[in-house]
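Next come two complexes built around chain A: one with chain B, the other with chain C.
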Partner chain A sequence: MDFLQLVISGLANGCVYGLIALGFVMIYKATEAVNFAQGDFMMFGAFICLGLTNTAHLGLNFWLAVPIAIATMGALGYAVDRTVIRQMFGQSQVAIVILTIALGFILRFAAGTIWSHEPVSLETPFAGQSITFGGVVLGVNEILIIVVTVILTVLLYFFFSRTRLGVAMQAASQNQLAAYYMGIPVKRIQSLVWALSGALAAIAGILFAAKGAIEPNVGLLGIKAFAAAAIGGFGSLPGALVGGLIIGVVEQVTSRYGITGLSQIAPYALLLLVLIVRPGGLFSQTQKKKV
Partner chain B sequence: MRFVFKTSYDADINWFKHKYQAFWYVLLLAIMLAAPLFIGSYFIGEFALVLIFSVAAMGLMLLTGHTGLPSLGHAAFMAMGCFANVLMLNAGIPWLIAFPLSGIIAGLAGTLIMLPVLRLHGVYLALATLALSILIADIVVLAEPWTGGVAGMIVPPISLFGQEIDRFGTPFLFYYVCLAVTVLVVMLYRNLLRSPLGRSFLAIRDSEVSAQAMGIHLAQTKARSLFLSATFAGLAGALFGHSAGYVNSETFDLVLSINLLIMIVIGGLGFMHGAFLGAVVYTVIPLALAIFRTFLQTAFDININIPGMEAGIFAGILIIMLLFEPMGLYGVWLKLRTYFELFPFYRKDMFKRQKSYLKTERVQ
Partner chain C sequence: MSAPVLRIDNLESFYGPIQALRGISLEVREGQIVTVLGANGAGKTTLLKTVSGVMDPEKGTVKLEGTEIQGSEPDSVVDKGMVHVPEGREIFPLLTVAENIQIGAYTRKDGDISDDVEMVYSYFPILKERHGQAAGTLSGGQQQMLAIGRGLMAKPRIMLLDEPSLGLSPLLTEEIFEIIARLNKEQGVTMMLVEQNAAVALGVADYGYVMELGRIVMEDDAGVLADSKDVQEFYLGISAEESQRGQRRWKQRKTWR
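Entry: the complex of A and B
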């Protein structure tokens, strides 16, 4: 029972990593840019929701604050692509990596200035509640994280396979030039992908903040999500989620059964191992480059 | 514009294009040598720090700017150099032997660790080095018997020709030591870029496939570039240890790695000068902010103390730089110089890249 509880807690963490990873895999697939600021997007989304909800700040209703936070982060994602990333189109990937790292620094600075550097937790209607299910004590927030992630996955699946916009996004990510010839507004589609991943980051952030305290530096968690994405293979959406779950569970299990310090190292050691053994990740989508 | 009439092959590989260029660099060296005469001991310490960061940035420039391999893990190599240096000094090995050796140890260890991930490209390499950079803090803690772990360890002063050199006791001598190391590294770097090995680095950066077609052994050349790069970083790390006087597991963290990368981009990716310009900007910003803050406080009684402001401003400058001047500060200088040399014939698009395309890893 103890082990089961550990695994479920790990899965809940893994869902957050997976959602962040999903965000930058989407951006990577659509624009070939890697958003190193995705973790900071998550942090910022969580802080917006917190700033609206917590009694110390605005004290709005939680269920009103969540959609506002998601919409704001979506708009931010769109704006970032429209104003900054699009100017970098055609330059090397390294330049975009550095640019997004710098964006992350700025978001962290902004969050620290607006909401202070102290760790705070989000006041949710279900904080501290738990359910006992067959001898296993589960926090409501952990169950909520898993449920929301499953719902989001199903929604995203239908979005990408059934809706006009989703199919257009797929087309633009597979072959920009061909998509352009078919009359798809590739530039706007890319901005919309950024908006979608901003919204996803906000959801991940709210879920994460419901589970524990957040502070501006929590965006560094994005690095674990990177490990998740790379383990899953960078171009694969299901891979990102699976990678996130693997990281979450491994982290929890090693912290319980491994020597001290191992749980901090485990995700990155796993990442290095996967990169060495299977450079394309578990769900590899890259092939040998042509000239 | 000055045209050099080349009458021998040496003209292509000489240190300087013409004697006027040589004059300016000698003048710069003379100014650097004479600097302690004009400025106080506090600013000379900052000068030394600029030189140390320049050496580290040159290490990263060799790998990222000239070989095209991004690295987010150079603080790890600095840490290796620093701890190796301190351990050897504590074991009683003279500084003149321990210092170069610490660079070589960092180079060898870095190459061994990074060898498996060197076949990765772009983003994946950045990720792998990022993982290394995070792991180093934990490794330093785990290797407590050698590194002192979280508690850290004190770096002994440099003893050279019977003279104790210490950042606080004898700041001017320490500055000269840093200057000497920097000049040596610059000479090595410049020579390297004129050699077949340096040319093959550039070939790999521009196109791996065509480099391979011209007979360059990719894995071997990349490993050599990494070795030299990690060696420079290790030397800088050893000097940084002497400058800080005390190092622990948090001295060489991820932020330092990221800052090094930001430094070379602000300075100008692919130019040796860029490493220096970036290091200057990186050191000047906190200083300027501190001076501005005291000015506000004394003149208007306004107290602004926002934590993380340095990082925010540094990042803001970087974004503006990347958007409007991808060639960095050195690019600005190049454009200015060309403008005046060609006056009035300078055209706006002179430095525009002829063809820009996205290097993709996917099959289209």
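Entry: the complex of A and C
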């Protein structure tokens, strides 16, 4: 029972990592740039929701604050691509990496200034509630995280495989030039991908804040999500989610049964192991270009 | 005589400091197949890229049915009725064949898309057979068919074809060009065809241009070009006289030099 509970709690954490990793991978696939501010996007999304709903701030209804936070982060993602990243078009990868790291700093500082640097928790209607199920005590927040992630996965699957825009996003990421030739507005599509991963980051942030206190530096957990994306095979959406889940579970299990500190290094040790055994990641989509 | 669908005047294009197009003028009339021949590095692909908006010209105009389109984004060019089937196929490898074809109709809003899918399948039956397969798993010839079929889905007024014979066996090349000729006759698709393989290109084309180092050096009806000594010598590989140990060759000059 103990083990099962650990696994479920690990899965809940893993869902958050997986959602952040999804954002990493989507932007990487669409634009070939890595957004190192993805973790900070998550943090900022969480703080927007917190600022809207906590009684110390605006005190809005939680269910009203959530869509506003998601929409705001989506708009922020779009705006960042439209105003900053697009100007860097054609510059080296390193330039974009440094730019997104700087963006992360700005978001962290802005969050600290607006909402304080102290850890605060998000006031949710379901805080502290739990369900006992066959001897296993499950937090409502943990169940909610898993349920929301499953729903999002299904929605994203249908979006990418069935809708015109989703297929165009796939096309633009697989062969940017050919997408241009086919009349797909590649630049606008890229901005929309940034918007989508901004919105996903906000969802991940809200879910994360529902589990515990957040503070502006919490975005650094984006590094763990980065490891999750790499384990899954950077460039594979299901891989990112699975990578997140693996890291979440491994972390929980090692912190319970392992020696002190093992849980902190376990995700990265796992990353190294995967990179040695399967350098492409678990779900790599390698495609060699034929001449 | 019908009006030109595409008219290019004095087009100049650069890669950084290197001038790739040195003032190209040509026109393509309704229902014609016009071919542009030339060796590697003559600027053929650059010409198509500049016309379809992937590259911006430094000077000159490109008119599609009388409207100037030079320098506009490729998506608006496709919307205005010109589609570019790029060199080397450039399909979407992880999407299925059917999805690739659907993407071709991305800019269209009318409801006849499914009829056109059937039309594409009727010309390329192998694509129908393979419609659920990832496009990256197709053979080179099938990928080229897919690229052409995908281009047709945009219902273009004019189609730019960049080296459809690239990397294909002579037999497949012949098959593809047969289909190109049929599309032109039966569907009335106007085409501008860029090729290194002068023999097959002149076989289907109505009119031809010869490009060298960013300039047009010859133009005429396809039949006349095919008979001209220069084209025969340099592009069709037919020697006018038997050469003795190749001694004559170094003296041979192209008439336009």
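Simple rule for what comes next: the second predicted complex is superposed on the first by the 285 of 291 C-alpha atoms of A that agree within 3 Å, B and C clash if a C-alpha of one lies under 4 Å from a C-alpha of the other, contacts with A are read in each partner's own complex, and residues count from 1 in each chain.
Everything that follows uses one rule, which is that a contact is a pair of C-beta atoms (placed from the backbone, for glycine too) under 8 Å apart; a residue touches a chain by one contact, two chains touch by 3 or more.
Quick caveat, the model's predicted, so the values are computed rather than measured.
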Could you tell me if A:87 is touching chain B, chain C, both of them or neither one (first, second, both, neither)? first
Based on the superposed arrangement, let me know which partner A:32 touches: chain B (first), chain C (second), both, or neither? first
After lining up the shared chain so the two structures overlap, which partner does A:184 touch, if you call chain B first and chain C second: first, second, both or neither? second
If you stack the two complexes on chain A, which partner ends up touching A:68: first (chain B), second (chain C), both, or neither? neither
Taking the superposition as given, does A:167 touch the first partner, chain B, the second, chain C, both, or neither? second
Which holds for A:175: it touches chain B only (first), chain C only (second), both, or neither? both
Which superposed partner A:79 touches (first chain B, second chain C, both, neither): neither
Thinking of the overlay built on chain A, is A:146 touched by chain B (first), by chain C (second), by both, or by neither? neither
Given the superposition on chain A, which partner contacts more residues in chain A: chain B or chain C? B
If we overlay the two complexes on their shared chain A, which of chain B and chain C does A:95 touch? Say first, second, both or neither. first
Which residues form the common part of the chain A surface touched by chain B and by chain C? 175, 177, 285, 287, 290-291
Seen from chain C, its contact residues with chain A in the complex are 52, 54, 73-75, 77-79, 83-86, 88, 90-95, 99, 102-104, 106-107, 136, 140, 150, 154, 167
Complex contacts: residues of chain A adjacent to chain B: 28, 32, 34, 84, 87-95, 97-99, 101-106, 108-110, 112-113, 117, 175, 177, 216, 220, 223, 226-227, 230, 234-235, 261, 264-265, 268-269, 271-272, 275-276, 279, 285-291
Chain A-facing residues of chain B, complex: 64, 70, 116-117, 119-120, 122-124, 126-128, 130-132, 134-135, 138, 141-142, 209-210, 254, 258, 261-262, 265, 269, 306-309, 311-312, 314-316, 318-319, 322-323, 326, 356-364
In the complex of these two chains, what residues of chain A are touching chain C? 164, 167-168, 170-171, 174-175, 177-185, 285, 287, 290-291
